[in-house]
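Next come the structures, one after another.
The following pair of complexes shares a single chain, chain A, combined with chain B in the former and chain C in the latter.
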Partner chain A sequence: MPDTSLPVTPAQPVRFRGGGFTVRTHRWAALLAFAVLIAVWESTNRFGLVSPLFLPPPSAVAKALGAMVADGSLWQHLKASLMRIGVGWAMGTVCGMAVGFAMGIGSVARAVGVPLVSAFFPIPKIALLPLFILWFGIGEPSKFATIGFGVFFPTVIATYSAIDSVPRNLIRMAQSFGLPWASILRKIVLPGALPGILAGFRITASIALILVVAAEMIGAEYGIGAFVLTAGNLMLTDQLLAGVLVLSLLGLAIGTVLSILERRLLKWR
Partner chain B sequence: MRLIIKDLCHRYDDLVVLEGIDLTVREGEVLAVIGPSGCGKSTLLGIAGGIVAPTSGTIETAGAVPDGCLNPVTFIFQDFALLPWRSVEDNLALVLEHHPLPAAERRERIEAGLRRMGLWDFRKALPKQLSGGMRQRVGIARALAVRPAMLLLDEPLSALDAQTRELLMEDFLALWQRERTTALYVTHNLDEALRLADRVVVLSRRPGRLREIVTIEEPRDQRLQPSAQAHLAEVRDRLWHLIRAEAQLADREIANA
Partner chain C sequence: MTVVRWGRRTVLGVMGAAALALSAAPAFAQSLEKTSIGVLALASSGPIFIAKSKGYFEKEGLDVDLKMFTSAQQVPVAVASGDVDFGVTGLTAGFYNLAAKGAVTMIAAQSRDEPGFELSAYVAANTAFAAGLKKPADLKGKRIAITTVGSTFHYMLGLLGQKYGFTVKDLTMVPLQDVPKMTAAFKGGQVDAIVAPVTVARQMVADGAGTIIGWVGDETPWQLGALFTGPKTIAQRRPTVEKFIRAYQTALAEYHAAFNTKDASGAIVKGPGYDSLLAIIAEATKQKPEVVAAGLPYVDPQGKLLIDDVVNQVKFWQAEGQVDKALDAKSIMDLSFVK
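Take a look at the complex of A and B:
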């Protein structure tokens, strides 16, 4: 029976008020923005608004890059840089993970390690290159050391905080089923820490890229950093920008490789 | 297997959590533990299972273990504690891998556990693909794979919705019908205790002391019968009477802390 004590209101449609504040994908927007940016950049040069000496048009950069590919110099420089990144990063990562693991599971290692890492971490590692050159000479080892040192500390921090974030209840579970210590480390701690460690790789890869360029600018015959510096000294801005383009593509490629790695290894998330 | 706890006390730094607990879990019985939040139930279970070191007191086990028992005292966890990166069958394999079993027996144990909990078709699934009830079934299957002599269950159904809880209670009933595995079962839920337990231990608010042990006379498989309801209602009243005041006081203490 209808309640007669309430005022009767006519039926009204419910007004939708849940719009906005959600993220939708716009596939073409980014591509379009790129195209517009390149078109504007190209036309500033065509219409003589900017001197090509200071900012060469994209077409000139592309041409310079084409020439570098054709005469094989691109590969020569890239090879030198990749080798330095590879060796330096691997050294820093292997040592950093070992120390990070020790700090993650051993309380003595942590007590000793945390203050040391906090003290060394803020040093801009490139400032140590002159010292490393004195120690190891101007050749490759000093560059490996700079990159390795720069990669080492963030790896330590990423590794031990990743180990801290492994759920304690999983470790307790493993203990309650009598898993031996080494198995707990291998089957629980390592896979549990992997997401954090891989996130650390992303940071250390970009640090390695910055450091390799800086180190090559200080003293190297080959390498993208050396190439960019030389091009700048000779005012060959089209070549300079081609070098910069190669570096950003390199960064992109490293990021993609890491993404694939994450997708493969962290399927369970 | 039985578990004998004598004069157990436990402190976390200055916080006294358990005090003067004397308790025996008898061979083949299901002993429920109820008590207000924070009174030390999980701590008691952790101590019983050897993953928390008590401040003082002794815990002993005695009696027979089943054939092929690999881990006499075995936990079933509230949050399931499954490895998210391992499939269902590999989560079971985890607790067998460090034992020198023939490969065939390992496979056989995993298959038996999975089939029993109705998980065979989901053996390749990752935990994130399963519902809460299914995940706890994996937890139970994992516990069964080691053929335990005693189960320690810490609010195994608390993370589940009411219907799922009901279904899993049936699974537990079937388990205790078949194996009569001794169990220490911590719960907040009186209904669970009344359905599953032979005896119910009531702990006081923190520091947890043994207030009373209430025996449920009705056989487990007859507790849904109309004839059982009078006795169960009486036990329920008694338990509620015991925990009501404690729970209220504990609640206020938490608010004041």
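Take a look at the complex of A and C:
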């Protein structure tokens, strides 16, 4: 006869029940979603549900992209755009971080800077293009300026709010231990602000990609943005989507690079 | 004191009231057939404004809704998507690509560059003019601002090249997307010349930024714009298209008589109804009558297309690699309406 008295049952292993919302990696899920999306998209065209003029099938987009690779124009466009994005983003980021640091540390700089940033940030850069042409001409400088201006303000905001969010008690502790000012800046403020600044980079990198299309409205012969604009003007919708695809792949690549950078720089966490 | 609190109920109530107001839009009692046309608010669409304002469409039993667009590119797209039944605008490579895919068909002419009529100008910047850019043939090898690759400006330069034995590859075309940016580049000394609509060209001369060195109409007359519709509309609503064209032709003839009459010496004189028609176009384009009067293009009184030029346009874009080589120009014009 089995013993049913509860208190003496041997210790049972308890199943771990706390992992409900733990993020697990599902590499295949994202790929499958893409595959299904592309299959549905292709089939709408194959079965004649959507005219290829309104939504070219993925096969047509792939063919347009293939033609760009084959005649080498893709590299020409990519080279021109990457140079503009690189220089424009770097200029905007360096200036933005300098101003953001000044605003994060100095109270006078902040009092001056916050209203100025609020006033200038919402100006659509595309509306300023005719002025940029007058100020910087139609060569590369006006394109760098368009991207640089767009990147500058979000960088300022990201930098100074990142510095703002560095734990006060860490700074106070360092001060009470008599650490010199420069040392506090280098050892506490900078690393503490880095996650916020890097998050800002993610946003500004995307802004740079968006603005390269606007920048290449100004007399650009080559560039992914110029290619997309021309395809749109010529109503070549398959080429248009091929250009957009290249832009989003570029965004993906930049995002990956930033993830690696985050992992390296934020090891201390 | 009452304070409106924007709670969920208030917001839903306002949204509901708005939806009711919209759905109760006036229902038309008349039995006019509804149709629509996409136009730009430019003098080149003048005959359409006249036909609408003077009731020529209604006389044919049509209630035509004018939908205003801001760029020539959007109009054929709206016809292709079925948002409007007709469209009237300039002919670009983008238009021919839509036509090649069977989305639009030309049925009558809009304005054109004609000798003696000032519509599109070659304007030289001051420095380039001083350096010897005195006539259109000198544009070879110069830096010229255009709106976009595949635009009417692109074709006008190609056409000029055909006349003087050069190609667009002998020029540096600087695409700047729109006229304000072209103007900025021109005034900033970034380009040697531009091809500009008459009103813009006159403004630049008035600002002292450049000199008009010739008119496209005198150098290379060409079919700048056309009236078009979808092949489906022609197949399914042929009587509607016929009525529309009849009203359009009445307005074209009136426009032509008022604005395109020349005296014995070749100077343009005011024809019958000049002032009243000018007032109609000025109101529709929201511009001052004197500004409109300076840029009234030539139209064919019957709306006949310059067929040879349309064929040449298609060939030009095909040679430039911007329009499908398989496109036959004759297949995108339906000449059965305008005889």
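One rule holds in what follows: the second predicted complex is superposed on the first by the 236 of 269 C-alpha atoms of A that agree within 3 Å, B and C clash if a C-alpha of one lies under 4 Å from a C-alpha of the other, contacts with A are read in each partner's own complex, and residues count from 1 in each chain.
The working rule: a contact is a pair of C-beta atoms (placed from the backbone, for glycine too) under 8 Å apart; a residue touches a chain by one contact, two chains touch by 3 or more.
The shown structure was predicted, so the numbers you read here are calculated from the model rather than taken from an experiment.
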In the superposition, chain B vs chain C on chain A residues touched: C
First (chain B), second (chain C), both or neither touched by A:119: neither
Partner chain(s) touched by A:177 [first = chain B, second = chain C, both, neither]: first
Contacts of A:54 with chain B and chain C, given as first, second, both or neither: second
First, second, both or neither for A:219, with chain B first and chain C second: second
Partner chain in contact with A:69 - chain B first, chain C second, else both or neither: neither
Contacts of A:253 with chain B and chain C, given as first, second, both or neither: neither
First, second, both or neither for A:38, with chain B first and chain C second: neither
Contacts of A:187 with chain B and chain C, given as first, second, both or neither: first
Footprint overlap on chain A, where chain B in one structure and chain C in the other make contact: none
Residue ranges of chain B touching chain A (in the complex, touch as defined): 46, 49-51, 70-71, 73-75, 77, 79, 81, 83-86, 94-95, 97-98, 126, 128, 146
Chain A residues within the chain B interface of the complex: 169-170, 172-180, 183, 187-188, 191-192, 267-269
Residues on chain C engaged by chain A in the complex (per definition of touch): 73, 76-77, 80-81, 92-95, 97-98, 101, 103, 145, 148-151, 174-177, 180-181, 183-185, 187-188, 190-191, 322-323
In the complex with chain C, residue positions of chain A that touch it: 51-54, 129-131, 133-134, 137-138, 217-221, 226, 229-230, 232-236
